[in-house]
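Per-chain numbering from 1; labels A, B, C, D, E, F, G and H assigned in written order.
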């Protein structure tokens, strides 16, 4: 067919291909899922709308739709969670959809996840209140829009790897997330690396690799 | 002559014109200073190199050169300092030249100034150690390069106006200070306003107006 | 719940947290308002649509919707206005929504406000006609799109702090407000500082702090 | 040779080709001048350094070097000036080199020129003092860096065509003249058109065409 | 009311204020038109939608809607056309709406206009076929999107002032008209000046001033 | 009429004008097609919606609509295909619409085309599986969004000309295809040239010229 | 050693690896040349300064330095030229260094080259004078800075593939060649593809592949 | 003194503060080193020039200068290396200085490092030759300029975390490393995160944290 599903990836990288649904037709999504199910893989579809979910649901009853972050997941074989955990932290309430994409990705890949939401630097005492949970994690994901300062503050406080996810939350001179992206790339705190704007999936996936090293 | 010094400004705004020396010849700087001295004004020249200072020194013995921030000042009449003070805070050591431009501007305009340098978010406990001095100020100037997170953190901690000065300190995706500028403009902490990249002078001047309201 | 409302802010900064409604669900907005009302705080919600207002109205009869600038306000305790006032000035008619966000923010925070609208530099005599009102203010907010020259002209005429708000009004090479933003940051008039594009709220809040110093 | 001098241009457009010296070797400049002299044309070379001038001087005694704006001119036949004049106005002293490029270009093309320098909007009364000279012109050239507000203010005050020249004067978020360029393109005053950053030559040439229509 | 119509402009600049309808409510447009009609001025409204036109039509029967370029015009007093004419030239068919905005603006301001459409450089012989009309004009307006080469080609062929209007026609790396804008600003042909992207009005207005000098 | 169809182009360049339908009215598209049909040319219309197709179908029964890439084609005279072929390769499934624009353009211009889709560098073995088809081509078109690495990898593997087409597939810091565009322009593999973002048509046309040299 | 010279490339692509000297030490350049000479390959080094050339000359007497374009070439085995030729065309004199990089690259790769320099659109008749040479070529390379209109004009006139090379010649809003790059990418003339700014080498290499298909 | 060295960091994060020497005076660097030596910490100084090294050498004999990457290191206490290793991979020879900054940072922090240089995608077989070393690493650092495709190719081949470092190697439309940065952020291969342009230090530090988890 039109798509060459990368079945080999599970061998090569331990995880099967993840479906980026944006820009595909529902039929294309359905047929890729079909090809992967026949192999018994667990399945992740990101940036999926409800129409896509419905056609997937038709061929696979176990499919679940995570509305807040527009993900489809299918748990074909049981997932055992790690003991160590990944902390997913957000600056504000509006960053939650991106954070959920990270958290659910990490969970389906077998990681324990702790969510610490709405603790941004405008009221930094909220962050200190939760510092125990954050410093207890093996990997920290920092999700923030606007000026993205959360990543630098966390990077300065914890000794674990911090994965920074800039979000497009904000307006005007945030230029669709560019402000947070540049801020995170220029973090003066060492031990931070950055993924694409709104790329919760990428952060969750990277965190999972590190957590399971 | 070539320049129309705005002598009227002292009446209109309480302070005389400030000389932006970059892009002028030493002769032009000298002749502008000459015209202003004859009025008895205190004088500020920013972005001046040593050649400019030397020709100014020739015609005015009181001229002082502030090497770290490339300013010329002339105190023609005695300056009385305010009781309330302006706190000038920097993220790192490399931001000091811009901070000094702000501090010296504020001082020659008659303000008491407290310097709190090298307390950026990579080691945030250093900031908390100095929080008393900062919260005691009537106006706070936050000078930071790289990701500029200092402004947001301060904005969330103090109840006084915070003037944020992005600096061009950094490299790569800081794009000459753009990263810090955008971060500061998108600060999620209220009570912050921003001046141009490396514009210590502008922050010092604005802080002075507010401090003397 | 999902949000950690920063109740501590009222103590720390004199004002409670302001709700940025964009990107939140109506339910989230409602539940944040609920948590804050129980403390008796006055409430400001920015960038709210009518659906959000309706669910807030359900739980709080005093809620008011300011259609022109998409704000929700709730006056839980009586506001006493300052004697000194903030002048909110716009270049054109199309800048009024942003100006109203600034003005209403300032008013609910207890400041007297004077509005001077549609006096941009294309017909500068209109500005001179109103100069008395403007120079009488303790703080001036200059709201302008397109080339944003209003801020520089005001900065050169008044001795009070000028807070410049670039708007996204315009098209083509205004790049969503970038033209006005850059112009305002590069203002050759001293005594000006800038907030984010279309950030009337931020200017109103900062002006309030300064007016009440 | 390497260059195909456009001798035909004098017929087609009334003026011969102008030599853009930047990026050429002194030998190339010399040999182009040589080819043009043999036709008796008046000659303009822009962005020329002193080495270029020296080799030109060797083959043509009448050559003049305008140091402030790095131009070479050769008056091979007598220039008669127009009665109407072009006003060249600058915001600051640092914009003078660009203004001189415009003024000298206009003069060698046979136009009377009036210079009105250092009258920018930071001290707008200086502009009003000179308004007679400016409104008396047939074409106005507005040269300004930083936020470029001068063009909008002039555009709102005069009924003649205003040619706006953004300069790279400034620093930080002026991004090499981009701030002034965007401001001038977005001018809310009608009757304004813009040339490239620092392109005094282009403005002088265009003004000359209009003045001699 | 909310708007300060600049009635004085007709005296100062020979033409009344032009209404930029984008971002205004239909009521605001109507009330501005009302204020201007009472003075007997001819009226131009740009970027108006049909709803705006309908409310204007209610109060003024003479109002005309130019659908292709979304303009409202009202001819309150008879317009006499100039003898000399303005040529409005486009690169492609898709540039016509912007060209019409220029042409109709010029016409209501009393200028004779010749339209030469769809003669872009992809088939340059089409341009040469029409060269007589173009070189016969007193002012040339060059309207082009994509790479905007038309302006440079015209600038090299005619001896009259060329006003270049970049359009947002195109996709991908045209970045909303930026490609054509930059190309036109960097034209190697002298005698060209540029207005904002899609700003047909500005070009028509400027051309009218020049044509009537 | 409004459009000057470039009939001469077939003589000059071997192919008739191609209709860029975006920004035209259905009537304009129809009337251009009409003028071209009368000459017996094969016709290509790009970026056409179904309404445009319907009005074209009314006047020409042979018209075909290619939904995936929004093209209209009319085969007025029989097309004989070349022996050598063009390989059209994509990184992912979401790049297929752009690839189809290239493939169909090439086919109607008389070229044999081989499609190799969804073989991007995330699973590079898929590319090696198809290397025979790719290296057998006379020209290769590499269509990819996101980071556009496909072009560089192909450029390093094949000895034939590679035409790179960046697509706008992706989000966040892909900035509408800019990431892939810049990557392709900076390819460290020689033998690559680039067309505009999403410009499948341009690549198909260029490939056709090369294939038929 | 530090570098892994890609000797395999000659087999795979018909040409050996080309040395990009910028950012390498003279010793590194020398040692790479040494490794390649031992295989008897012809050698191309781009962006080399004279120091690099001198150390290469030490180990290889046949090395030639092309000063105008900073290239080192070594002809280890005799080059036979093609019958068909590549035309290298420039807009101005200042574009010649980039054009020479293209021409010399093409020549050492065995292609006949015709140079047509300084025929840009400011004096388009110069281009028409040389049209015979240009249309006689099998591939055309169009090298232009400033607004880069040359590529579009050539693309509209010839039926052969046009490779466009934007140069960084110009100033201000050319942003280091961005203006010409965007213009060339958006060319409305079909049959054009683009290489990186100032990348004469890339164009010469690509042209060679096409010319020798 | 001027700097508040973050001695607490060693406790908090396991490593002491790293000195960013750019923008500091030699005296400042010396005095920071002095303060840190007295604590017995190992010391890293990045972006140091030889003058800085000389003054450091004066007070500490053990100081070593790594010329290729401009680093100063001081080994005050013995470093024991990890068993697992970090692979540092570069696309070309010109990327080596950035790679060395990463490698040396990792080594002084106690990690075994394997260097795999000059294996970029232009000759991808060189990468496959070294795949064993790369897949054997616990963390992979991918250093590449130009189009940065190396990171995506590695991300698709290995199952370990890939830290991507864009370099400023290249010219023209690489815009100082922006091209590689955007490409790496948009990598379609999962398991990749990005640091700032040329930030070898940041990648080495992050890799060390992960390697020692």
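One rule holds in what follows: a residue touches a chain if its C-beta (ideal position, glycine included) is under 8 Å from a C-beta of that chain, and two chains touch if they have at least 3 such contacts.
Model, not experiment: these values are computed from the prediction.
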Any idea what the CA-fit rotation angle from chain D to chain H is, to the nearest 5 degrees? 180
So the chain most remote from chain G by C-alpha centre is C
If you tally C-beta contacts across A-H and across A-C, the winner is A-H
Nearest whole angstrom, what separates the Cα centre of chain E from the Cα centre of chain G? 42
Distance-wise, how many Å sit between the C-alpha centres of chain E and chain H, to the nearest whole number? 56
Roughly how many whole angstrom separate the Cα centroids of chain E and chain F? 35
Could you list which residues of chain E touch at least two other chains? 92, 122-123, 157, 172-174, 178, 181, 185-186, 190, 196-197
Taking the top-of-page definition of touch, could you list the pairs of chains it picks out? A-B, A-C, A-F, A-H, B-C, B-D, B-H, C-D, C-E, D-E, D-G, E-F, E-G, F-G, F-H, G-H
Looking at the complex, which residues from chain E come into contact with chain D? 12-15, 18, 138, 157-161, 163, 181, 185-186, 190-197, 201-203, 205-206, 209-210, 213
How about chain A: which of its residues touch chain C in the complex? 92-94, 96, 117-119, 122-123, 125-126, 169, 171-174
Which residues, counting only chain G, touch chain E once they are in their complex? 91-92, 120-124, 146-149, 152-153, 155-157, 170, 172-175, 178-180, 182-190
Quick one: which bits of chain G touch chain H in the complex? Just the residue numbers, please. 2-4, 6, 8-9, 17, 20, 22-24, 28, 32, 47, 166, 168, 176-178, 181, 196-199
